[in-house]
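Could you have a look at this structure, given as structure tokens, before my questions?
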């Protein structure tokens, strides 16, 4: 009959109305500042730098200031200045480190290219999105100190990816050690052939 | 409690007593002026706040109908954490619209552009003058009150046209044309749906119409016109036409956002926009009030035992009920197309309303039937309206099978 | 000068304005509106005589006015429909150009 | 009332003159109110301001060619205007002279007591035939207007605006 559709519609909305009071499942609204949605694992916005050790963030940056990300960055929001001296990195190898590392987040477009190109897994994407400030020049330009975050934080925000990265790094280090051992053994063999005293290989 | 005691109970007379008390402070020659001014101010104040809370109620209800929360943030200034369920939202909105820049397009007809919102508010407020809010509360007792109501309501169409034309904007003009077509089309069923009541009560005075709906069968079945076989279809037609007259969804074509930006409101901003908004709600409230007066027994209590509650409270309750129903409809139905809209008015509502007038005439002719004849009277009267409804519905929807939706695989 | 005189003066003024407009303007719509004005002037007279006339009858003047208003409404509707038909026919609503029947 | 009517007849902008005419009709209704004819006043507003004005505005918009819809006054039209003005002025003079010269019996002090009920009874009883005829006229006018405005479009659809 004519009009039955209208009545059906009214019943549906009335159910919505009643349901919205006793059935929290129906409500889709998240009252933002108090409640927050759980971000998906692959959410990303701005990059950060990984440090190995939380107690000494500046000393244990993974970044070796190779400047690949600076060159690849499409909007050119990364500024890096190499250090004059060298520091030992996680494996004990002497490496350069960034004396200045800055990202202008007002320019960054969250493309993740810096992460893709980094050969040292030193720069990763962060999940912090509440970055509104009153000063767009100073507060949105993140320097080395504000960019550095420990590896444990990386594990927290991207657990799967971080585990994969750590596994790979470990494998690489092991491979490097094996290589070093092989090299040492070869050297030792050479030394045995030629009795010359050689210093022992550096232990990690 | 006798009827006389009820009419003179303290609560019933309280507003009048308050008014007389205030008026008595004025010198004698000014008393009549004070008398009327207080009436006007009371109507403005009551319906102004009513308007404010209708907007928030509408937003909250619509949200709930769509499983949302609605505005619940705004609290009192300087008090943190107190949100009052967002009840102070309309006041925040008012401050915002009042402080916005008032933009008048360079090509606009300045005079008409300014006059349109003024006229629309003035006339929509004028319609409140003849609504009986309570047993003793009616701003103006007019003999031809119904005619006055429709005459005052007719002028708002003109204001919408002025707004649309003076904006010198093609969307506004289109909206104005649409509004004219819609308002003329629905004015007819609106008035025709009221005619049966005038026939039966043989009066145009709203107060007398309400008085004619007094009384109860067995003390709990009120003699409201909506509970008669001619009153119910008239009420439905009235509801549909009232929705269309107040430009509300599903008949909000004149300001359809998705088609015409905002229709005749496109070039209005700030306070003028607020005036239009206000007028729209005033018009809706006035039409709801008229519906309550004509069909739902006005200020009469639904059960004889509940008469001790003052009459104006009943009126307000019913008014709120009507508005909630309108909001419910707005949250449910989709917007019509313009041809569907005019077709609905001319091919469906007008014939039915005309039949319903005949139905009411039959009801008057058979007023003396009683006993088992009463049942026959009900049956015939129902048949007069139900059979054409079904037949008309069949013919109009013939060829429109229930729609089957096909989705991309 | 009684109120009746004043009313009659006003209504005759309105009538003459309507007549002048109907004669002078070449836009058909305005001519029609001028005729409406003249009808209104006549209605004014009815009400004036009903109210201030020598022997007021209870409702006669009013009923005359109601009938006149109804007829005016019908006249306006038909007239404007005619105008639209003419406009569709020759893209113009100037009175002088609707002369295809002239001998 | 007179002013807005005169201005309406003089203005070049058709919409303005239509709106001014509506104002003039509304003031006629105000005059009815002043004279105590409430019912006629409300009927006047309902019919003129509510309905006829809408039809007029529709007609204006549907037949509009440019912003100022009225055509330019040409010499022929100017001659017409002067003739019309003369005729109007002469008629006004004659009518007002007649009005001023005529003597009416003393006016009734109070308005005749007219209730809606009385009007209704009078309409139905004494003027029943006239009411029927008016009904027929209105119906015929409605159908005629619809036919006039609609069939033309069907006959030559390429002409439709």
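Each chain gets a letter, A, B, C and D, in the order it is written, and its residues are counted from 1.
What we mean here is this: contacts are C-beta pairs under 8 Å (C-beta built on N, C-alpha and C of every residue); 3 or more make two chains touch, one makes a residue touch a chain.
Source: prediction; values computed, not measured.
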Joint neighbours of chain B and chain A, given as chain labels: none
Inter-centroid spacing, chain C versus chain A (mean Cα positions, whole Å): 84
Inter-centroid spacing, chain D versus chain A (mean Cα positions, whole Å): 80
Inter-chain centre distance, chain C versus chain D - centres from mean C-alpha coordinates, in Å: 5
Centre-to-centre distance between chain C and chain B (centres being mean Cα positions), rounded to whole Å: 35
Set of chain D residues in contact with two or more other chains: 39, 43, 51, 58
Chain-level touch network, classified as line, ring, star, complete or other: line
Pairs of chains satisfying the touch condition: A-B, B-D, C-D
Residues of chain B defined as touching chain D within the complex: 112, 142-144, 147-148, 150-152, 154-155, 157-158, 161-162, 165, 173, 177, 180-181, 183-184, 187, 202-205
In the complex with chain B, residue positions of chain D that touch it: 15, 19, 22, 38-39, 42-43, 45-46, 49-51, 53-54, 57-58, 61, 115-117, 120
Touch list for chain C against partner chain D, complex: 2-5, 7-10, 12-27, 29-30, 32-34, 36-37, 40, 43-44, 47-48, 50-54, 56-63, 65-67, 69-78, 80-85, 87-89, 91-94, 96
Of all residues in chain B, those that touch chain A in their complex: 61, 64-69, 328-329, 331-333, 389-390, 392-394, 396-397
Residues of chain D defined as touching chain C within the complex: 1-2, 5-6, 8-9, 14, 17-18, 21, 24-25, 28, 31-32, 35-37, 39-40, 43-44, 47-48, 51-52, 55-56, 58-60, 62-63, 65, 69-71, 76-77, 80-81, 83-85, 87-89, 91-92, 95-96, 99-100, 104-108, 111-114, 118-119, 122-123, 127, 130, 134, 137-138, 140-142, 144-146, 148-149, 152-153, 156, 159-161
